[in-house]
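Pasting the structures in now, so scroll down.
In the two complexes that follow, chain A is the common piece, with chain B as its partner first and chain C second.
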Partner chain A sequence: MSLWVDKHRPNLLNKLDYHKDQATHLKKLVHGGDFPHLLVYGPSGAGKKTRIMCLLRELYGSGVEKLRIEQHHFTTPSNKKLEISTISSNYHIEVNPSDVGNNDRVVIQELIKNVAQVNQLETSCQKDFKVVVLTEVDRLTKDAQHALRRTMEKYMATCRIILCCNSTSKVIPAIQSRCLGVRVAAPAVEEICKILQNVCKKEGLTLPTELAERIAKKSNRNLRRALLTCEACKVQQYPFSGDQDITEPDWELYLRETAALIVQQQTPKRLLEVRGRLYELLTHCIPPDIIMKGLVQELISNCDGELKIEVVQSAAYYEHRLQMGQKAIYHLEAFVAKFMAIYKRFLEDGIADLF
Partner chain B sequence: MNYGDRQNNKKKYLTMQAFLKGGSTFSKNKEKTAPTTSKDAKDLKETKKHIPWVEKYRPRCVDDVAHQEEVVSVLKKSLEGEDLPNLLFYGPPGTGKTSTILAASRELFGADLVKQRVLELNASDERGIDVVRKKVKNFSQLTASGTRPNGKPCPPFKIVILDESDSMTRPAQAALRRTMEKQTKTTRFCLICNYVSRIIEPIASRCAKFRFMPLSVKTLGDRLKMICEKENIQCSEEAMTALIDTSGGDMRKAITYLQSASRLKVDEEITKTDIFEIAGVILDEVIDQLIKACHSDSYEKLGTCVKDIICDGHSAMQLITQLHDKIVQMEELDDKQKSIICEKLAIVDKCLMDGADEFLQIMALTGVMMQQICHEQK
Partner chain C sequence: MPRRRKSSDEDKPRKNTIESFFKKSVPKKSRAIIDSDEDDEKPKQKSIDNYFKTPSPKKKSRSEPNNNSHSEKLTPVSAVDFFGSSSVSRKNKTVPAKRKIEEINTELHDDDDFEKTLLQLDVQSKKKVIGNSLASKVSSKMKHIIEDTPEPKEKKPRLQVVVPDTPELKKTHSKKTPDKKLYKMELVKSPSKTPLSQNLSPKKTPEVQSTPDTIKKDSSKKISPSSNSSTSPQDETQVKRGASYRSYLHREGPKALGSKEIPEGADNCLDGLVFVITGVLESLERDEAKSLIEKYSGKVSGSLSKKTDYIVIGRDCGESKLQKVISTMDVLYQSLYNIHVYINSFTIFRPTSPLKEESKMYTTSSSDLSLCPNAKSSSHGRKHCLVMDEVDGMAGNEDRGGLQALVQLIKTTKIPIICMCNDRNHQKMRTLSNYCFDLRFQKPRLEQIKAAMMTMAFKEGLKIPAPALNEIIQSSNHDIRQVIHNISMWTSGDKTISYEQAKKDSQSAKKDLKIGPFDVCRKVFVGGEETAGMTLNDKSDLFFHDYSFAPLFVHENYPHVFPYSASGNPKRHLSLLARTADSICDGDLADRRIRSEQMWSLLPTQAIYASVLPGEFMRGSFPQMVNFPSWLGKNSSQNKTERILQELRTHMRLKVSAEKRSLNMDYLPYLRHGLTEPLVKRDTQGVPDVIRLMDEYDIIKEDFDNILEVTKWPNSKDPMSSLTPSTKAAFTRSYNKEVHLTPYSTGVAVKKRRGAAAVVDEEMMGDGEEAVQDSEEDTDNIDIDTMIKVKKKPTSKAKTTGRSKASKDESASGSKGKGNGKGKGRGKVKS
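Coming up: the complex of A and B.
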């Protein structure tokens, strides 16, 4: 039994639930049998991958759905062995080059060269190009992106590249200007509601409108998350009731408690406690930037208007350092300490004003 | 009958040959080979489809280069004398630097010899010190003859084009120094870069420097219209202005956008919104909304507004670029306030480049804006 997210994923461009105009445009684009390099961007859970797969299916037919996992081996110029797994069909290959960290340039150059150097023998019944799907392009190093730029032009005849990323901020302009950008906006709350209802109908379940709305709002316009939550709710309690609890991930609750602890008391001792909790989160592989964002959100709702701006400023400052630095814990802790200082000063000023 | 067949074969042969020789001769011979059999014509059409218009409409001779009169006149003078100095071209992207040198070398050597006489190295090719020492040096050491295979005279030197040379490492540039001087008899160098300040002084002083200007609105418009006519595209006036505005004087960008738009909208008129969507430009209404949220002095409103923008998939980089244009024109702020905001903008830009979180950075920026707008006036 597969998850609802996979089970009910549309596989044709005209079956997509939202952004229908875009779907017709994409259809026209591949209708001619050819398309330029694409850069698909949008927040997570907006349906980027779904659209890419639909596009490929439109192009090559159902053959693209026969997937296999392959291991590729590369050696860097400095004789380091790399191993990366790819998902491929007869027509396309999908790879996440940032898996190998700093050596992603080698993967890009070698892999695309391998794919592009094989010409299709029979061009009359097949397309004369293959497609390489690169995911998480925004995590590529600058080096790899520069390498990609020339590769894209050089192998235009035998291969098309589809890049998939969350934000174009981290993609160098040279690549952006070589691709056709496709923006996939996250679905609106109403659209998520509608999809949830549809999925439940297909599963033979009834979903109260209230619950659907609550799930949709909780999901932050992330469709994948909404569907997963919905399925979790079903496991927990069926038939659904409008006011049933929506389970949240443990770590979110834990993070919320941590934030509450910080607001309660601002002492070195508490800081030490918080540090332990942050470590706990980090060891459970919650990405530090998500911890930071979650903390900010919780802390901000607890303080006054003027303070909010100051807190966000310092959050932005420490988050930047977190990205630049090596050890996440220092920066998270620094932010917590900074917040405590700001908050305490504010409280003391407030007390001083009273007298 | 027999004769006709042979004629056909010959034409096919010509097409093949033209195709093998690559883009340059291809388009010249296109008219000649046009009346071939229908199958050939179809083949031609299919291969043509893969050529990006940027390549297709690259200037073929120096005269075709748009808007860079100064450079063109100097180059033409030196072409008459069949000689070139070492060249250093610099200027923003998409202004025709590479096109100019390619066109010039084609005029010097003719289409046949270009392959042998020109070495083009690009940032994405390996270009460390090793390559300069081996590949460039070896290539430049070869002597070039002063005659063509058919006996006509041709300039007795080769050209090394180092594209995007500002991304070459300093040691690699330093290694080039002596090579450049030693091989003046047989080789001319042409360095192309965006920022002349990244080229080390000894190299810069060995070259004749040319600055390439961003293209004017009129030049861009003329070229784009020409392409529209040739490709049979309907493009509204509004869309054309949008295209020119978003390109910011970058011809390559403008042409790529136009081609993408035409691919998306087959046989339909291209509109302003299409161009904006392709270029990833955020609509003015969204920006206005954000600025309105800044006026509200409520953190929550601002927060939801920013979150919506990011959820819609807009890029933070694009957002701050457009926000900057708006801020500079805002009348309610005085110069000091504007400079405070712009300073923050610069910091945020740097942080985003380093890969910081978009939401937090944009919140920090708009927070400063909100403070400046709502609190400094008292």
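Coming up: the complex of A and C.
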């Protein structure tokens, strides 16, 4: 009884539910013979991995679904031992180099070299190249990306690389230009609704359209989250009703409460309280940009037109520095402090205007 | 200068007398010794012998054993001889010396009435004490030492007796020479004695033989003039010096040249020994003596030094040399009696170093100190102690086990051992502190230092106004030593220090202190006079006390400050907070550049942003304690969560495509629900469902706990808390009953190799070889169990997809690794 989200994952290109044009393009690409490196990007929960697995299956057949977990060991030039786990079939290997942090360059060089230096044995009945899937490429260090650039060219004959990331903004142009970019956009709300209803039908359930729509919106067009939410709703209450409560993850609730605290009161004491909550979120590994986004969304809804501009502007400012800086808490807190100052001034001016 | 000297001269004799009572030592001006002569004739004989004995070896090398008997017979005679002569000289000496004491006493009368009476009392009592105790002790001690020291020739070169420069005496201790030597020595010396005693009295020349008493006599004589300071001491000394020079010019040559036959010694018998010859040797020319010594590989040097092993004292010897000997002997006596032993502790236990000798020496003499439990406990009724300085410097690589040895020593010692260290909180001190009484010395307060300094200044005749002194003390951060040094330096030219001058000087001589991060943080924010005078540089220097820590402290504490400039206006306060936070962010950006790109030149920039600007914005009152940065703790718990997530993702990877962040945000909240809901709702009936879900996602029990931990929020309740203990027990039991096969290895220790072996298995065998594998396993009982489970598992999971089947194949091979050690061994064989 795996979760719906895994149970009903399509495994063939032509079974994909959305971006069907793209799916057919990919299929043609596979059969066209000249398969390039790919850079698959799009928000999480849009189906990048699913699409990649379908593509691999199209390339190699069902053998690619026989997966195993391997541990690889590397030694850095500074003699540090690295260990990284990969998922591989006989035809491909999937690795997330950013698991080893700053030493990802070694992984990229060594691992891909190992894979690419061995030719496929029977080229008659299968493709003459293997595939290396690298995930979270946008988290690679610059070093690793430059190493990757070289490797991509060198082992073109025996290996193709599929890069998977959320955003291309942190992938160096040299790599982008060596890959065929495949953008997997988040599915539209209607598409998610359709998928939810299909899944429910397969499970023998009926899902009211309103509820499906609400779930889709709630999940920010994240299909994975939508399916998980839908299943949670089913556990909570079945048969579905159109206006039933949609359970939210705890961290979202917590984040929203935090935003409410900020709006409620603007004092140094409250700032400290908020800091504690921000720490709580961070220690739960909620990414700081998500925290920032969640805060802004909540705060904005409490602001007037003019104030909105200022708040969003400062949010953008601090979000940018968040990316450049090191300690997320500084920047999140600075944003909160800034908001408090702006908001307090606004409130007092407003009161002054009344008299 | 002259003035000061005079005053100190006036002070000194008085002080010295007092001290000498306490110390029972024989300082330079030891009048006391003279008195001691009367009582001490018997024991002195021994000590005299010592002195004779010492010079003897250089003159004569070892002689044949048959000489021995002769020598033994002869010895007493010669001693008596000598005794007679020396007693004569003594009489001559004592007269002037006694006069001098009286002089001093009168001087004291003039000086201070109270002191006078005190002193008189003391002198009298002292006379007795010393007469009885000191001299006799000296001699008896010498006897002890001679008798105690076991090995005769072993330590020849500069073996120090506690105090570094007492070559002479040490020799006497260590060199336990057989009697024959004594004899020989006398042979050489005895002729010189007779003429000497005749000469002696008129010329006031010092004694030829350096017996302890003569030396003392001499010293007393010598020093007394200086104590006559009231009547122009300088003239006196000059007269004296002139006289001695004259006597040097006029001194007679050797009187009994060739009167003795020079004995033959073994080759190199004086190897490595250093001699100093002073005065006229009666039976030898100086050059002859020198060549004699050099013949036996000894060395003759012109002046006394640490390296000197022996001093050969002739008639009319040089006073400076004699004095040196005396002073070193004084120190020695002092150390023997007073036992203020300073040992740099870590050398004590070093086995091979030359200083070991010292430590041995120390322990041999410690029979007197009764350091060793079996030593005779202080028979002379004195209390001793051992001071170990800088014990916190012990226990490095240099002296491994030093502290343990010290503890051992403390356990068995009969005298108190005082250990001193700077850093009481040092980890190494923990062992020691269990065996010591903890006595902490606080830094003295300003008033305490001030009082002492005022006294000192008064005595030195300095004029230092109180505020100036305050300034000086504060600038040296209450360091007494530095205060004294500074004062003595600043008053070397002028006897007065004005306040302005003191302030200026002390500003430039400010002690560079290290402030802890807490104080730094307080200083950054706190307003008022404490920080009023700080320049920009001072403020940024605060940051540099610990540039990696300071920003954290600033960030942690800035909201606690009530800035003056806000003046209670909350709006203004908030905007200051915002600006501060903004500046801290800038500091963080600089920090990132510094750390990631090694741009250390940005540190001052970071100092401004991360410390100075926040301080400027927020400067005000800081009503509470400075908090320790919580970032450190939070960061490490964030890392822990990250690690857990990474592991979870690795475990669930075959089923879940999400990377760890979306796993955390999307999957885990639902998994938490899915894993606990059946248990909460249906108690034990829910257990199989949960276990099936766990198996589906390859989650093991630890992961289960981890998921619950990671997804725990302050606003969410713990579902496990609502479970009855029986449900929990049932869950654990039924989980443990089954064997759970995972595509990854779960053993921690041998994780790596198992994983690799499993992979190789998989690749090499393929499906067709499964049967072979099974048959092999039949031989291995324990493995059968795990493999049976593997066979069962596919049937229980009939409806799994092809992919999960693949994972099962994998898990089959992986299980061997997990099951037990044998599985692993076999897997390796196959590969």
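Heads up, the rule we're going with is that the second predicted complex is superposed on the first by the 353 of 355 C-alpha atoms of A that agree within 3 Å, B and C clash if a C-alpha of one lies under 4 Å from a C-alpha of the other, contacts with A are read in each partner's own complex, and residues count from 1 in each chain.
FYI, a residue touches a chain if its C-beta (ideal position, glycine included) is under 8 Å from a C-beta of that chain, and two chains touch if they have at least 3 such contacts.
Treat the numbers as computed from the prediction; the structure is a model and nothing was measured.
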| item | value |
| --- | --- |
| Which of chain B and chain C A:28 touches, first, second, both or neither | first |
| Partner chain in contact with A:300 - chain B first, chain C second, else both or neither | first |
| Which of chain B and chain C A:324 touches, first, second, both or neither | both |
| First, second, both or neither for A:350, with chain B first and chain C second | neither |
| Contacts of A:101 with chain B and chain C, given as first, second, both or neither | neither |
| First (chain B), second (chain C), both or neither touched by A:135 | second |
| First (chain B), second (chain C), both or neither touched by A:249 | second |
| If touched residues of chain A are counted for chain B and for chain C, the larger one | C |
| Overlap of the chain B and chain C footprints on chain A, listed as residue numbers | 324 |
| Residues on chain B engaged by chain A in the complex (per definition of touch) | 49-50, 52, 93, 122-125, 167, 250, 252-253, 256, 259-260, 263-266, 277-280, 297-299, 310-318, 348, 351-352, 354-361, 363-364, 367-368, 370-371 |
| Residues of chain A that touch chain B when the two form their complex | 25, 28-29, 31-32, 34-36, 41-43, 46, 146-151, 153, 156-157, 167-170, 173-174, 176-178, 180-181, 183-186, 220-221, 289, 292-293, 296, 300, 305, 308-309, 312-313, 315-317, 319-320, 323-324 |
| Touching residues (chain side chain C, partner chain A) in the complex | 555, 559-560, 570-571, 573-575, 577-578, 580-582, 584-585, 588-589, 591-592, 595, 630-631, 634, 637-638, 641-642, 645-646, 650, 653-662, 664-667, 669-671, 673-674, 677, 689, 692-693, 696-697, 710-711, 713-716, 743-745, 751-752, 755-756, 759, 762, 802-803, 806-807, 809-810 |
| Chain C-facing residues of chain A, complex | 1-3, 6, 9, 11, 44-45, 49-50, 53, 62, 65-71, 73, 83, 85, 87, 89, 96, 99, 135-136, 222, 224-225, 228-229, 231-232, 235, 247, 249-251, 253-254, 257, 266-269, 271-272, 275, 279-280, 282-287, 290, 318, 321, 324-327, 329-331, 333-334, 337-338, 340-342, 344-345, 348 |
